[in-house]
Every structure is written in C-alpha cells, then in structure tokens.
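Have a look at this one.
Order of writing sets the chain letters: A, B, C, D, E, F and G. Residues in each chain are counted from 1.
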Amino acid sequence: MQQQESAHQMMGYDRTSTMFSPDGRLLQVEYAKKTVKQGSSALGLVCKDGVVILADKRIIDKFIVAKSVEKIFQVDEHIGATASGILSDGRILIEKAQVISQQHKVTYDESMDIRSLVKEICNVKQAYTQYGGARPFGVSIIFAGVDDRPRLFVTDPTGIFFEYKAVAIGEGETELRSILDKEYKETLKLEDGIKLAMKALKKALGKEFDIDRIDGAYVRTSDKKFVRLEKENLKKLI
Amino acid sequence: MQQQESAHQMMGYDRTSTMFSPDGRLLQVEYAKKTVKQGSSALGLVCKDGVVILADKRIIDKFIVAKSVEKIFQVDEHIGATASGILSDGRILIEKAQVISQQHKVTYDESMDIRSLVKEICNVKQAYTQYGGARPFGVSIIFAGVDDRPRLFVTDPTGIFFEYKAVAIGEGETELRSILDKEYKETLKLEDGIKLAMKALKKALGKEFDIDRIDGAYVRTSDKKFVRLEKENLKKLI
Amino acid sequence: MQQQESAHQMMGYDRTSTMFSPDGRLLQVEYAKKTVKQGSSALGLVCKDGVVILADKRIIDKFIVAKSVEKIFQVDEHIGATASGILSDGRILIEKAQVISQQHKVTYDESMDIRSLVKEICNVKQAYTQYGGARPFGVSIIFAGVDDRPRLFVTDPTGIFFEYKAVAIGEGETELRSILDKEYKETLKLEDGIKLAMKALKKALGKEFDIDRIDGAYVRTSDKKFVRLEKENLKKLI
Amino acid sequence: MQQQESAHQMMGYDRTSTMFSPDGRLLQVEYAKKTVKQGSSALGLVCKDGVVILADKRIIDKFIVAKSVEKIFQVDEHIGATASGILSDGRILIEKAQVISQQHKVTYDESMDIRSLVKEICNVKQAYTQYGGARPFGVSIIFAGVDDRPRLFVTDPTGIFFEYKAVAIGEGETELRSILDKEYKETLKLEDGIKLAMKALKKALGKEFDIDRIDGAYVRTSDKKFVRLEKENLKKLI
Amino acid sequence: MQQQESAHQMMGYDRTSTMFSPDGRLLQVEYAKKTVKQGSSALGLVCKDGVVILADKRIIDKFIVAKSVEKIFQVDEHIGATASGILSDGRILIEKAQVISQQHKVTYDESMDIRSLVKEICNVKQAYTQYGGARPFGVSIIFAGVDDRPRLFVTDPTGIFFEYKAVAIGEGETELRSILDKEYKETLKLEDGIKLAMKALKKALGKEFDIDRIDGAYVRTSDKKFVRLEKENLKKLI
Amino acid sequence: MQQQESAHQMMGYDRTSTMFSPDGRLLQVEYAKKTVKQGSSALGLVCKDGVVILADKRIIDKFIVAKSVEKIFQVDEHIGATASGILSDGRILIEKAQVISQQHKVTYDESMDIRSLVKEICNVKQAYTQYGGARPFGVSIIFAGVDDRPRLFVTDPTGIFFEYKAVAIGEGETELRSILDKEYKETLKLEDGIKLAMKALKKALGKEFDIDRIDGAYVRTSDKKFVRLEKENLKKLI
Amino acid sequence: MQQQESAHQMMGYDRTSTMFSPDGRLLQVEYAKKTVKQGSSALGLVCKDGVVILADKRIIDKFIVAKSVEKIFQVDEHIGATASGILSDGRILIEKAQVISQQHKVTYDESMDIRSLVKEICNVKQAYTQYGGARPFGVSIIFAGVDDRPRLFVTDPTGIFFEYKAVAIGEGETELRSILDKEYKETLKLEDGIKLAMKALKKALGKEFDIDRIDGAYVRTSDKKFVRLEKENLKKLI
C-alpha cells in the first residue's frame, strides 16, 4: 500500500484534483483530509433537548486576544458551525453558509432546514474536487442546529456529509472519540452533554487545556436559538 | 496487458481525460470506473408489476444517524435513483436530474420519460470525458421508475447507459449478480422482487449486514409513484 | 516504423491533438481511429431501390433489455445513422445531427440533403482535432438515407468523410468487407441487400450471433422514409 | 543538420507553434508542411486563355462513390480551389473562402479579386502559427481563377502565398514539376494546358492512374466561369 | 522533516498554491510566509487608552527621501496599517482596504468596524491561496485602530488573522517579541506604549537604528483619530 | 557564453516569451531575431530629397509570377514598408499599419506622422513578447516615408524601433552595411541613393542577382507620394 | 548562496512570476531586475530650484538619427521620465503614465501629483509579478517633476518605488553613484545639478561618451514646466 502510494506520487497522480489515480482515488482530496486531521479539535453532541458544539481555539500566544478568536460561528439564528483545517478556508465557507441561509429566509420567509444548507455547502466543496485551476477546500465543518429536531452534520473536503449523534474532528479526533464511545448516550440532557464535551476536550488537550482556549455554543430544541457558552459557565463545568 | 498498462502509465497517457492511449483507450475514464467498483453496493430489479431498487448505506460509524443517510433518492414522482462511487459526484448529478425532470413537467405538462432523462444526464457525463480542466464523474447511477412500463437504467462514468431487467453495481456487484443469475425471473411480482433483492444484499454484505444499512424504494406500475421501503417492512423480509 | 512510432511516443508527440509529429501526423487522431476499430460492427449497402444499415448491438449481458439498445438512430424522416467506437461520443454527434436537420427543415421548409448534414457533423469533428483542451471524437458514423438518390456516408474521427456504395466499420470490418467484396452488386434490390448484410453480420459474429443483437433500418427510394427492421422480419432472413 | 534537428526535438522546441527554435524556426509549422507533402497530388497551369487545375482524388477503395469525391471545389463563380494535406482542414478553409467571397459580392456588388481572397485565407492560417491552443492547418491550397487575368495561387501552412504560372503540390510534386519544367509554356492554350496537366498526372500516378481518380476544372478568361471537367472530356485527353 | 521537505520539493508539491503536499500542507503559502520573515520589522501595542504601531522603514540609501517613505498607512480616519514582506503586495492590499472602508462609510453612514475590514482583506488573501494562475500575497499586515475599543490585528499570507494585545512581525520579530514579553502590560498608557515600542525597535535595529528610519502612528480611544507620530516627538522618546 | 546559452536551453528558459533567463534575457525574442537574420535582404536610405527602400524578393522558382511578389508595401500615400523574416507575420503587421494610418486620416483629417505609426506597430509587437499563449512576431519591418522630412525606421521583434539615415536587414545585412558604410552620404540625391541601394543589393546577392528579384519604392520630399520603382527604371540603374 | 541559486534553478522555482522559491523569493522578478542592470545609464538629481534627469541614449550605430532617439519622455507638462531596461517595456508604461496623467487633469481640472502617478504605474507593475500568463516588466523608470516641490522617484520591476534626492540606474549605476556620493548636495542650484549629472555621465561612459548620446530635461520649481536640454546647452556644460 505504502509502496503503491509512493509509486503514485512518483507518477504524479496526486498533483491535481482533476485526476484519478489508477486505483480510482482522488489523491489531492485525500491530502486535503490530512490537513483536517492536523486542525484544531472540535466535537458536537446531539442531546435530548438540543445540540452542543465545543472547539479548541488552539491559542498558543499569550498576546492573542482569546475572546476575539472565534472557533464557533453563528450561521443563522438556529444554526452554529465550527471548522477544523485551514482556518481561512473554513471562514470562506461559513460566510457562504450565512449568506445562503439569510437568502433562504428572505425568499421563503422561513428558516432554512439544516440538511439543505449543508448540501449546498457540500456542492461547493464537490466542485473544487472536480474542476482544475483550484485546490479542494482543506477543511471539515461541523454544522449544528435545530430545525424539526436537533441536527449535527459533518462535511469533509470531498463534499460528502453525514448526520451524526456525536462526532469529533481535528487532531484530537481519536481521543475525543474514545471518550464519546464510552460515555455518550442519546438521552443526555443538554447540560450533561456540555459537561461531557468539556470533559472530553480537557482530556484530549491534556496539559495544554485552558478555559480560554475553549469556544462553545448550543441550540436548545425548545427555542431553536443559537447561544454562545460564556466563559463563566464553562468554568463551572470543569 | 499488465505490462502495456504500466507502460502507458509511465508515458502519461492516463493523466487527463482529453487523451487517448495509443491503443485507443481513455484511461482516466477507466480509473473512474474503478472508483465505482469500490463504491457501496446497490441493485435494481424489474418486476411484473413495478421496479425496485435497494442499496447498502455502508454506515460504519454507530454515531451516524442511519435514517438520515440517503442512498436512494427520489428524482421525480415516478423515478428513483441510487449511486455508487463518489457520493458527492452522485449527489450533483441526481440533483441535476431532479431539476431536468421538473423543468420537463413544467414545460410540457407531463412526466418526463425515463430514457430521455437518463440520456441528458449521460450527455453531461460524456462532456466530462472529452473536455479538459475537469475529471470524469466517478459514479454510476441506477435510475428506476415507471413511464409506459417499469424501467431500469444504469449510467457509467463514460456517459454510456443500458436498460436492464436486473442489475447490480458497486463492490458487491459480482456476488449480487450471481444471485440474480440464479433466481431472478421477469415474472416476479414486486413483493417477491423486493425479497430477492434483500436476500441478495444480505448475502453480499455477510456479517456486515444490518437492516439499518439498507435503503430501498419501489415504483409500482399501477400508480407510478415512488415509494420508500420503510424499515418495518424491510425487517419483515428477512 | 514501429520504432519511429515508439520514439514519437517517448517524445510526447502523441499527447494532444494540437500537435503534429515530426513526420506530419496527428497521433491523437490516429489513436481515436483505433477506438473505432474496437467498436461494434456495422455495415451499410446502397441498393437499386434504397439503402440499408445493419449493426451489431454487442449485448453481452442477458439482463440488458435488448430491444432498448439502439444502435441504429433515426436522424430525420429520410436519414438514419449508426456509430462505432465510443457510444456516448456517437450519441452526442447524432443528436447534433438531429437538431441540424430539423433546423434546416424549419428554416428552408425542405428536407436537408444528406451530404450537407454529413459535412456539418464533420466540421464539428475537425475542430476537435485542431483545438486544445479536448480530445477528438472517438467514433465513426455511418449516415444512410435518400435525397435525390440513396446515399451512404462514413465519417471518421478526423472529420473526413466519403460516400460509399457499400461499407463496414468496427471490429468486424475486415470480415464484413471480404463478404461485400465477393457478393455486393449495385443492382441488388433492397430485400436482397438486407439479406446480404444479415448474412455478412452472421458470419462476422460467428457463435456470438443472436438475432436480438442485430439492429437495422432502411430507407426506400420510392418514399424516402426511414423504416426500422423488426425482429420478426430479421428472423425470416436467416 | 539532422543532429541539430534531433537535438531540437529532444529539447521540445517542436511541441507548439508558439515557440521558436534556437535557430529561429517554427518546427510545428514545418511538420505541417510534411503533411502536405504526403497529401494527394494536384497541379495548376496558367494558360494563354484561362487557368486549369487538376487533382488526384486518390480513391483506393472501389466501393467509394468516385464522382462524389470532390477534390476540386468551386469557391465562387470565377474561382476554384484544390487542397493537399489533411482533407478536413482543407474543407474548413475552402468553406471560409466561399463565405468571404460571397460576402464581398453582396457588400461591394462585384466579384472579389483573387489575391485579396487568398490573403484573407492566409491571414487565418498565419494566426494558427502564432497563437497557442491549436495546431497549424495541415494543408496547402491552390486557388485558381480569373479576375483581370488568369490567376494561380498556392498557400502553405505558414500563411505564405505565391502566385504561379504553373505549380504542383502533394506527394507527386517532384514528378509533376519535372514534367512542367520540360513542357509548360505560358503560351499554351487552355485545351493544351489541360492535356499537359492530364499527361503529368498520368505519369506521376503510374499504375495507379484511373480516369475516375481525376478531378478537374478550368476558368476561361473570356467568360470567367468556373467549369468542371467532365469525365467524358477527360477521357478524350488520354 | 528536512528530508521530507526536500523530497516534496523534488516531487514538485511546492510549485503552485493549488496543490496540497501529501502531508496536507500548502507549501507555496509557507514560502510566502518566509518572505514576511525577511521583511522589515514592525510592531503594534494595545494600550489602556489607544493603540500604537511602529515600523522600521529600512532605508539603506542616504539619498532616499526618508520622510516620503511610508511604512505606516492611514486606512481610514480611525484605522492605520503597516505591512511586512513584499512592499508592493502590501500597498495593493492596503489600497483595497482604504476603498472598502470608504465604501462602507458611504453605504452605511458609519465607520467600518475593524474586524470586518480585516476579514474582507483576508478573504482576498485566501482566494490567492486556492486558485491557480497567481501567487499568494507575500505580505503580513498589521491593522490597528479603535472602534468600540482599541484593536490590533495581524493577517498572514494564508488569509488567517488574529487579534493581539501586542505583536511584532518581520525580520526583527523574535527580538521585538522578547522585549514585549518582558515589558508589555495591558495597563500601559499610550505614551508609555509608544516609548516601549520605540525602545524595542531601537534594540532590534541595533547599530542600524536611526530616527529617520522609524515610522509610527497611534489612535487614541477618546477621539478615534489616526495620528502620525512626528519625528520631533519620536526624538524625545529616545 | 555558448556554454551558458546551452545551459539555459537545457533549463528551459527559452521556451516561452513570458520568461526571463537568469541573466535577464528574453530568449524567445532573441530566437525571433534570428529568423529575421535569415530573411530576405532589404535596405533603406534617407536622401537629400526623399527616402528609398529596396528589397530582394528572393524568388527561387521560375514559375512564380515575379511581378506579383510584393516585398515593398504601400502603407499610406506617404509611407512604404518592407519586411524581413516570416513573410506572413510581416503581412499581418503591415495590414495593421495600413488600417491605423487610414483611421488616423479619417479621424484627424491629416496624414499620420510616421513615428506615431511605427510606435503603434511596436506596441503590438511588445505585447507579444510579454504575454503567454502566443509567440513574438518573427519579423523586422522597415518603414520609410516623408512627413515633415524623409523618415526611415526599423522595428525589431522586441518592439524596439530606431530611426536611421541608412539601414539594412535580413541575410545580407552585413554585406549591405559594409557598402553603406563606405558610400552612403546624407547629401545623396534620391537618384543616386537608388543607384547606391541597387549596387549594394547586386553585390550582396552576387550570382543570384536578377532584376526580377528586386522590389523598390521611394517617397520624394517635394510631393510626399509613395512611388514604386518600375522594372524599366531599375534596369537602367545596373 | 550560489549553490542554492543553482539548485532553485534546477528545481524550476524561477520559471514563472507566480511562484515563490522555498526561501521566499520571486526569482523571475529578480531576473527582470538584472535586465535593468544591463540597461543604458540614467540619473536624476533634485536641486534647490528644480529637478533634472539625464540619460545615455547608448547609440552605437552611426546611421541612427541621434536626435530622434528619445530616452527622456515628457509625461505631462510638469513631469518627465526616463527608463532603463527593455526599451519597449518602458515605452508601454510611460505611455500609460501619459494617459493617466491627462485623464486626471481632465477629471479633476488640476495637475496630478507625481507620487499618485508613480503609485498607479507601480500597481500595474505589481500585477505582472503576481499573475500568470505574462512576464514582469523588465524596466526601471525614473519619474521627475515638480508638484508642491521637486520630486524624483524610481520604480523597479517589482512595483516598489522610492523617492530620492539623487539616483542612478542602468549599467553605469555604480560609477554614477560614486560620483553622486562625493559631489551631490541638496543645495545645488539646477544649473550646477545639470553640470554634475553631465560630468557623472561623461565619466561613466568614458571613451564612449558623445554629446549626441545624451538626452536630458529639467523641471524648474518656479514654473513647473518640463524643458528639454538642447544639444547646444549640453555642449557648453562639458
């Protein structure tokens, strides 16, 4: 496998996203996924009464204004998002999502359902894996929100998306996942979900953990409002 | 053959879909077909009184919301589709099919015949095998529906399509096919066709089989309506 | 010759249709012709009272709906066509021919003469051998019809065409030709021409011959109407 | 010289028409000229009372409808043309010439002088030797006609043209030329010019000569009308 | 690491910004960052009552008109900026910022908040890391100003930005930073902040320090006006 | 030097006009100049009472209609031109000059001054040395005419031009020049200038000299009219 | 350093201006600067009462009409310019400057300040260092003029510019500079400045010096008018 990989690199099958390798793979897209694996950690949980996302801001410079670093973005009144990979790629796509969602509301006079929004963003991502003259987006995005029920989606660089009950992305994916595997239940209440997410991130970050590095938000099923987790509240959870 | 293949790769005949190899082949398109062979399994059967398609969702993460994973798509009131290969490529083409079919209905005030729809999608696919600056679509799509009779088409990455009585695509193609070879008859009633398809998928998936992984739909000749197979109904079939 | 061919490949003269080799050849176009040589067989005959075309559908899967496989296409009321090579390339060009012929009728209120139609399709083919960013069409097309007399044209991937009295293309070209050489006469009546074509295809296909694989049509000089050969009629000819 | 040629090929100076070789040559254009040298033979003669062109149709298949093979094209009432090299390239340019000449007549209400027409076609040819993304035209064209006097022009793939008293192109160029060198005189009458051209072609084609392979036309100074040479008349000349 | 870097260079993963390396990096963007590291030094400090930026003009020719060398640019009434890297790249982006900020004021009749402006400039930068046919911008820009509070942003060639309390860029980054680490406090008054910045630059430039090489400006929270630091005032600070 | 040249060729610095070599040269443009050096010879002389240009038509085929070969072109009533290098390139540019000069006259109701015309043609030439997707023009053009005084300009493939008192271009440049060096004086009268030019060409062409190969024209200061040198007059000069 | 340079060339980092080298350099732009270093010499001096520019015309052919060779261009009533490097590149940019300056006057009814003009030209230059499909401009331009005070700017191929009190460019840069270093003072009166510039050029050109090779102009602060230095006046200065 490793040898074939190396041979494919030698032959140049991995130089553009407009090329299949002889075994039918899109290597540039696979490399873009590696970028995501090196991104900062984030996770999301669907709870009984809402959905929560938490992300590591990965601030490593004390002079950075921590509260100004946004890793959780409000996409619309009822939707939040967080990205892992190339930050600026993520920003571009999330701003696109904000515009699409607002246009939907203006056009149809009702909130956009989250799956449709995710699909449109993924169609953009797909295009960058098929046409030349550009690279794929090096970012995975978690979209979380509530429409007729709490929803949690992850989009990868290929433009493929899945809906999850619980999910983790970025460099801490494996560690976060093992905690979710053990402790996540669909019956968790939002407060407990937030606690679990916090606990998982704390464990994954280890010594690097710092409450100022954590960004979070939730959407409760009852009011479908995106609410940021304030530092004070987060502190109480540790 | 293998040696020639390797020589052609060395010479770079397989780097773009705008190039013929010295033996008159389009290698990028052949690689795209390999992607399909690695895709999740799907099959379709024309029955006496309708047509059915079943597909493996290939969900390998317990946290994925199984019911949200769509492998069977409704294209129009009377047409369904399922794709094997790059999921996001399939989504793009199926959304295009939905738009074409709706525009037809609006323009001509009658349902589009399925062959014409398939031809238009295949014309799109053909273009991506002839022009530079993009890669071929890495996906095969089964279109199934009823117009003047039950129809079942498969389109490949080249933009070639055939109408079938029964067909299987994806990683389980060979296994599914061997079962169809033995047990499929044109005189099957839809209920028996669904059972046969289910049996085949169960055998092909082996230990990995799980009722939550199966997506299905049928169109009955009598009412020409796309109907999804509910999990409850599927369960009864095993 | 073989050595020079190989040297030219090493030097990359065969990588794009926008390049002449040092001996003044267009290698990509020559490769496209090889694709045609591997295509399914087809033949056409001008008879005393009309013109006939027959083609092998090359159906190798018993589940394919034979009657739905079109190898003979009606281009206009008085013209038919069949293609050998990449099926989807052929479809694109034949659909273009249909549109051109219909536009001619609408614009000039009379049927298009066949040579003019062939010339327009060949101009499209020529362009794909001169401009970059695309590959030549990998298909030869037989156009057959009646205007002031029965006509039979073959277009090759270069955009060159000739009018024939009798012609064969595809993998069976040599075998079909040797039969035509021996038995074809311009004085044949249509019925006898169809029989001869059938006999030739039967011989060329050998064991693979099956009445379901044969597609055919004729245009009679008297009424200038494209008529498909029904399976029942074909059967009688064997 | 041969060695330098080979070195230039190794270095890739001959891969596109947008590149000069270090010795200031356009190699792609030179290769296009080789295509012409392999084309079918044609020749033209200016006579005392008109101009004649004759061309070998090079029909090598007995089933080709000889009379339908056009090697001599009428460009306008007073101009004919014949091409040697890639037939489809020639057709494109001659159709362009037909349009230009007709537009001139419509715009200025008088026949276009032949030199101006030739210049416009050559400007098209020049462009394909200077811009990328396409190959040069692989064809030389003889334009023959009468405006204020009988004219005979040859255009090469570079877009360079010369007016001749007598000229030959294509594979038989050398042989045809040696006959012209010996026997052509400006004082020849048209009938004798046609005979001479016929004699030359016969000699150049040798055993391959066949009256059905010859296409010809002349324009007489007195009436400035393009007239095709009928087979019957040609026969008498042998 | 060094070896892998070298291998990636050999393989050409670093030739265009539209390509990921096999380990998921954008090498052209990383090279652009090296350009910044070689740029002239600049630093910025948020103080209790405003924000200050200072930059080294790096004038090394006594004949250059020092006062005409602008390293600090006024973007709007309340915003300044300084760039490190390719000067002309920086100029282009800062002029774009000026236009965007003015358009905002004209459109909404209020000053643009600084974060939004920075985001728009970073979106431009991001595009140059994803699309082909151009290189990334080889420049980092410090934006400093006051909207509802003193703000200090740095944008890198990737299009990523962070808000800082204190920051240094360019060749003197490490040295400047070590001074900030020791002496910067958020409670500094603007006057003391300017002194500290001056002291740091003096130390970083060492023998090369010259008051004429220093460009500076501040925005006070009370009046939100961009004010250039005059040479006379700067002198007093040493 | 030769070695560096060869190294630069190996490295590919000479493959496109959009690339500088490491020593700051534009090699494609230098190759285009070599084309000029191989072109047919031409020369121009400013005399006391006008300006003359003479050119070798380099006709090497006795069947070419010598008088139809134009090497001297009338650009406008008061301007002539001759080109050396790729004939078709020269024709394109001279036709452009004719159009520009006529448009000037129509727009401003006065003859265009020659320097302005030359500058516009040179701007076209410059563009083809800076932008990709095309090659530089492989031609030098002598423009000669009279506006407020006799003018003689030469433009090279770079788009650089100089005004000369006397100049020679093409394969005979060195030989022609050495004669001009010895015998040309600014005080020559036009008749003597023509004689000198003729003498120089005769010597440069040597055995190949033939009065039919010479094309010439002059513009006299007194009437500013372009006048072609008739064969009869040229004969008298030998 | 030399070795790294060579390695970078081997690796192709210097083939297009859209590529950074691994050490963050733009090699094509650096090569363009070498072109400037080989250009003809020019220098400019700001004096107490105006600004002067002098340039070597580098005429090496006695037949060139010296007075027609312009190395000093009038950009507007109050601005002059001279270029070193590729002459035709310089001409293009200076003509652009002329147009921009005139448009400014027409639009705002006042003379353009020189810095703004220089900035606009440099923005054009910057674009050619960032986008593909073209090469950078191989020219440095000195702009000299008077707006509120005498101004002297130099723009390099990167699109970077500086204002100078005194400056020299081209092949004689080092020699000219050493003279300016010794003798230039800001308090020089224009007459003395012109003398100094003349003396410097004479020394730099050495034996090649010839009054006919010198082009010059000045703008006096009092009237802000561009005035050419006549040969007679220049002579008196030697």
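We adopt the following convention: contacts are C-beta pairs under 8 Å (C-beta built on N, C-alpha and C of every residue); 3 or more make two chains touch, one makes a residue touch a chain.
The structure displayed is predicted, hence computed values, not measured ones.
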**Q.** Count of contact steps on the shortest path from chain A to chain E
**A.** 1
Q: Can you check how far apart chain A and chain G are, centre to centre, with Cα atoms defining each centre and the answer in Å?
A: 54
Q. If you average the CA atoms of chain E and of chain G, how many Å lie between those two points?
A. 30
Q. What whole-Å value do you get for the distance between chain B and chain G if each is reduced to the mean of its CA atoms?
A. 67
Q) By residue number and range, which residues of chain F touch two or more other chains? A) 12, 132-133
Q: Using the contact definition from the top, classify how the chains connect: line, ring, star, complete or other.
A: ring
(Q) Counting contacts the way the document defines them, list the chains around the ring, chain A then chain E and the rest. (A) A, E, G, F, D, C, B
(Q) With touch defined as at the start, can you tell me which chain G residues reach chain F in the complex? (A) 5, 9-10, 12, 14-16, 27-28, 31-38, 61, 63-65, 68-69, 86-89, 91-92, 95, 128, 132-138
Q) Of all residues in chain A, which touch chain B in the complex? A) 11-13, 17-26, 115, 119, 122-123, 125-126, 129-133, 158-160, 162-167, 180, 184
